[in-house]
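Below you'll find the structures, each written out as structure tokens.
Two complexes come next, and they have one chain in common, chain A, joined by chain B in the first and chain C in the second.
Presenting the complex of A and B:
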């Protein structure tokens, strides 16, 4: 990835959200501690960003939500990128029935809406977060698979690969020297987009009550909880949404108008 | 109609790139700019067009019908494109829209540039295509047409625009001799029809064909100018003389050394590609120290035949047998586009080191060969795209020689190089082959080159232009 003003801006946005997530605990509040007499306070005093309907410190909850979203997005994107890229390269190198099988599988997965897929997995897998990882990985690996397979297939057809084989080099060399240098930047771009999708997906699911549930401080579930109080405390409802927006915008700017 | 260029200079961050060129262009009298890559001839044309790369600036005067183009804004100059000045793109098969049928690309010029109605544009286009011998080709996509046909489609589009000044940049790049002659005749017809024609080329044969005036450029300077063909018959400047001597037809024939032990032998070869039979019942044996050329038009299966012998593809029928003691590694290949044969991200030195390690060669094996191939060791630190085409092709040769090959397959290995560079690389190739007793298989569309160098020339039957050519069978000259 080359550094462009847009990428720089994206990186700064992410750094700002990450900085917020890491520095907020210094304030010392517990994101789960309730204090009903302090419910729905505006920013100021002991609560720099105010409180929610149960009198919990919003700054602490938003920061905890950021740590959760960041960690989740990173892991979920990796869970999609790793198998997707490996299978894509494998399909291109192996060709034949394996390639056709994997392409068919990718088509089948893409025929289902991603959210539905995640909800389906949630119905079968136990726990709060495991089904989310599984579901998002299952929905997002297809893009990594397609991009790496198509890029690799077009490189494999080039004279540079024929020349390498004639010179006695094996598949490992072709993977390292010919495929990876061109596939890797595309995967990096796609990774940033996938992380953005993961952030919105976990928030959207939490909003409809799947995955992270109260009292876990998650941006999406915070919005669900605060929705009934939008008239009294609009800022409390706005803040989690704003953080989702800034995080995803940062990731997309970082990804750039990539060749993917 | 006239174009007068006075003391045109092109400067960039690295200094002066075109040092004061002056010429006048009249309708009916083509002007040919001859020179090698980097001589500034393309920059000169881009300056006239008003399409210099960013960071470069033109000074002097360019008078088109008395109007000084350099005094106009970039926007005003762009408004002249197509209407007053047209550029025939280099390698038209890459410049045409691959997702549009040929006729539509010509038609839209009539509709969008001249605002004609669709039916009128369609009729005009049909007439234009027919005039250029492209009946029936209009419904096809560029990838279904041969290189020569694509070029005529591009020419039809510039004709439709109706510009008085036509600039053609390397119009014969990648075309074989026959198509080159056709392209030359078509361009001359444009000039004879009353258009001003400026042709940029390194191809002396094309200049001879076009006639008119010529200017020879070297390092940004016009070193010689005069009427054709007199200028080519009695060149004054040493560089012009070298340029003419570099034409394969003027080369000294290579010595023939006879056939040694068999290196590879194909018997009864039959191959189809894209439903088209390329050859059948073909026998070809190559012995050590022998130079064999496969000649024929684009798309006739020359490269396929070479690839069969190397084991890169399999024949539909027939057998390929390597000689005793010849390993698969003993068959090596040089590519038409040297850049395409290298991993683009790897420094040349690192690539060679990997090759040495792979085959347990001495660590200085490549370095010892550098002087023989007249390559500067400093180039080892560069990536393939950072050296010239001639240098890279010599690196390709070096890479192959490290494995001490029994056969080198040079697939149009010099067809994209300037004439002088082509001569240099071919001479080097001949020397290496002679020193080591390596067999050399040349694929070339240039008959003169084949005749001067090879002991035997295998001519493949060719498709004829305009016939149904399966796109897969087209050795796309891109």
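Presenting the complex of A and C:
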């Protein structure tokens, strides 16, 4: 990945949200502690960003939501990237029936829109985090698989790889010196997009009530909870949406050019 | 014609895959639920106080739950193939009847959203493509990058608050006349337009830079006439082809947007069925959404084929 102004801006945005997530606990408020006499306060005093409808500290809740989203997005993207990339390289190197089998599997997964697949998997145990991870990984591994397999297959067909084979270099050498330097930057780009998709998916599912459940501080479910109170506390409704926007925008900018 | 038949054949195979995937997932879901299934069904028939092991055994015999799992799976798919989707556990309604009503609402919403997105995205993108590097090109790039980072439900909440609650132009939810369709359709359309405007911009840019367009200008056609006769149709092909990829965004957005605006379509029903663990409904709604996705994809394939004489000649 080369450093362009766009990437720098994306990195800075992410660093800002991550810094907020890590520094906010210094303020010391409990994201779950209710104080009904302090409900829907504007920012100021003991609550730097105000409180929600149950008098919980918004700063603490937003920061906890950021940690949840970041951790979830990283884990889910990794759970998709690792098998996807490995299977892609394996399919390209092995070829034959294994490649056809894996390509068929990828087609099968992509027959359904990703979110529909995730919802189906979460239906096994609504509110649990494990099906969410599994569902997102199951939906996202395909892109890693396709990109790494297609790139690797085109590299393997080149004369310099044939020359390396004839000179007696093994698969390990070809993987390290020929495949990885070209596949890795593409995987990095896909990883940033996948993390962005994971952030949006977990927020969207929590928003409709299928994902994380209250009182877990999650950006999407915070928006559902605070929607009825927007007239009293517009800022409380705006902030979770703004954080989702900044995080996803940061990831997209970091990923580089769009995949149109 | 041959390419078209092959493409549509691929879509038919995809439709079968959707049914297999959804069917298997729901079959597993029923088995994963804790407890004895025959006992659960007997309890829902006779009430929890009246049920005993003899009643459960009778249900087991009647429904064939004592058969090996692969025979049960076969029976499950045989029902599916006959569109016998069972009855909703929550309402007792036939799943097929409920789906027929919901599908109507969902089709209205998705067609309105697609139409709106085509009215918003490609014209704005075409303007940018005609003057690449101009101020509008830069502004649209920033706008579409920002819009793509906003999830559909955040767009929906913002539109609901501004247009429905603050300015009271449109109703915030429900169904009825055309006014109820506008907000959910606009929410979906903005997300779709963010992407399609970029595709239109690149397509128009490529057409304007092409030799045949230069020739049309040189032989004396004005800007507008040259674009209308030689530009629009050429630029439309990539835009329509990209629509196929965008259908994923549309179907995914449907799940969230229908729930937000209380639009009684399939996406809304799917979320409800998942929350209520109403597995026949989960199966029915997921199946219809998946098949809708495949059908709309087949229609975009067909549209590309009709737009592009080179493909028809093949």
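Definition applied: the second predicted complex is superposed on the first by the 254 of 260 C-alpha atoms of A that agree within 3 Å, B and C clash if a C-alpha of one lies under 4 Å from a C-alpha of the other, contacts with A are read in each partner's own complex, and residues count from 1 in each chain.
Quick note on the criterion: contacts are C-beta pairs under 8 Å (C-beta built on N, C-alpha and C of every residue); 3 or more make two chains touch, one makes a residue touch a chain.
Not measured: the values here are computed from a predicted model.
Colleague: Give one of first, second, both or neither to describe whether A:158 is in contact with chain B, with chain C, with both, or with none.
Modeller: first
Colleague: Once the structures are superposed on A, label A:113 by its partner contacts, choosing first (chain B), second (chain C), both or neither.
Modeller: second
Colleague: Just to be sure I read the superposition right, which of the two partners does A:124 touch: chain B = first, chain C = second, or both, or neither?
Modeller: It touches chain C, and chain B stays clear.
Colleague: Where does A:181 make contact in the superposed view: on chain B (first), on chain C (second), on both, or on neither?
Modeller: Touch status of A:181: first partner only.
Colleague: May I ask you to decide whether A:44 touches chain B, chain C, both, or neither, giving the answer as first, second, both or neither?
Modeller: A:44 sits against neither chain B nor chain C.
Colleague: Please indicate which partner A:5 is in contact with in the superposed arrangement: first for chain B, second for chain C, both, or neither.
Modeller: So A:5 meets neither chain B nor chain C here.
Colleague: Who does A:208 touch here: chain B (first), chain C (second), both, or neither?
Modeller: A:208 sits against chain C, while chain B stays out of touch.
Colleague: In the overlaid three-chain picture, which partner chain does A:168 touch, first (chain B) or second (chain C), both, or neither?
Modeller: first
Colleague: For chain A, which side has the bigger count of touched residues, chain B or chain C?
Modeller: The larger set of chain A residues in touch belongs to C.
Colleague: After overlaying the two complexes on chain A, where does the chain B footprint on chain A coincide with the chain C footprint?
Modeller: In chain A, no position sits in both the chain B and chain C interfaces.
Colleague: Help me check something: in the complex, which residues belonging to chain B touch chain A?
Modeller: 310, 312, 329, 331-333, 335, 337, 340-346, 351, 354-355, 358-359, 396, 399-400, 403
Colleague: Flag every residue of chain A that touches chain B in the complex, lowest number first.
Modeller: These residues of chain A touch chain B: 158-160, 162-164, 166-169, 173, 177-178, 181-182.
Colleague: Using the touch definition up top, name the residues of chain C that touch chain A in the complex.
Modeller: Chain C residues touching chain A: 14, 17-18, 20-22, 25-26, 28-29, 32, 145-146, 148-154, 157-158, 161, 165, 195, 198-199, 202, 242, 247-248, 251-252, 255-256, 259-260, 270-271, 273-275, 277, 279, 282, 286, 289-290, 293-294.
Colleague: Using the touch definition up top, name the residues of chain A that touch chain C in the complex.
Modeller: Touching chain C: residues 107-108, 111-117, 119-124, 126, 196, 200, 203-204, 207-210, 220, 223, 227, 230-231, 237, 241, 244-245, 248-249, 252-253, 258, 260 of chain A.
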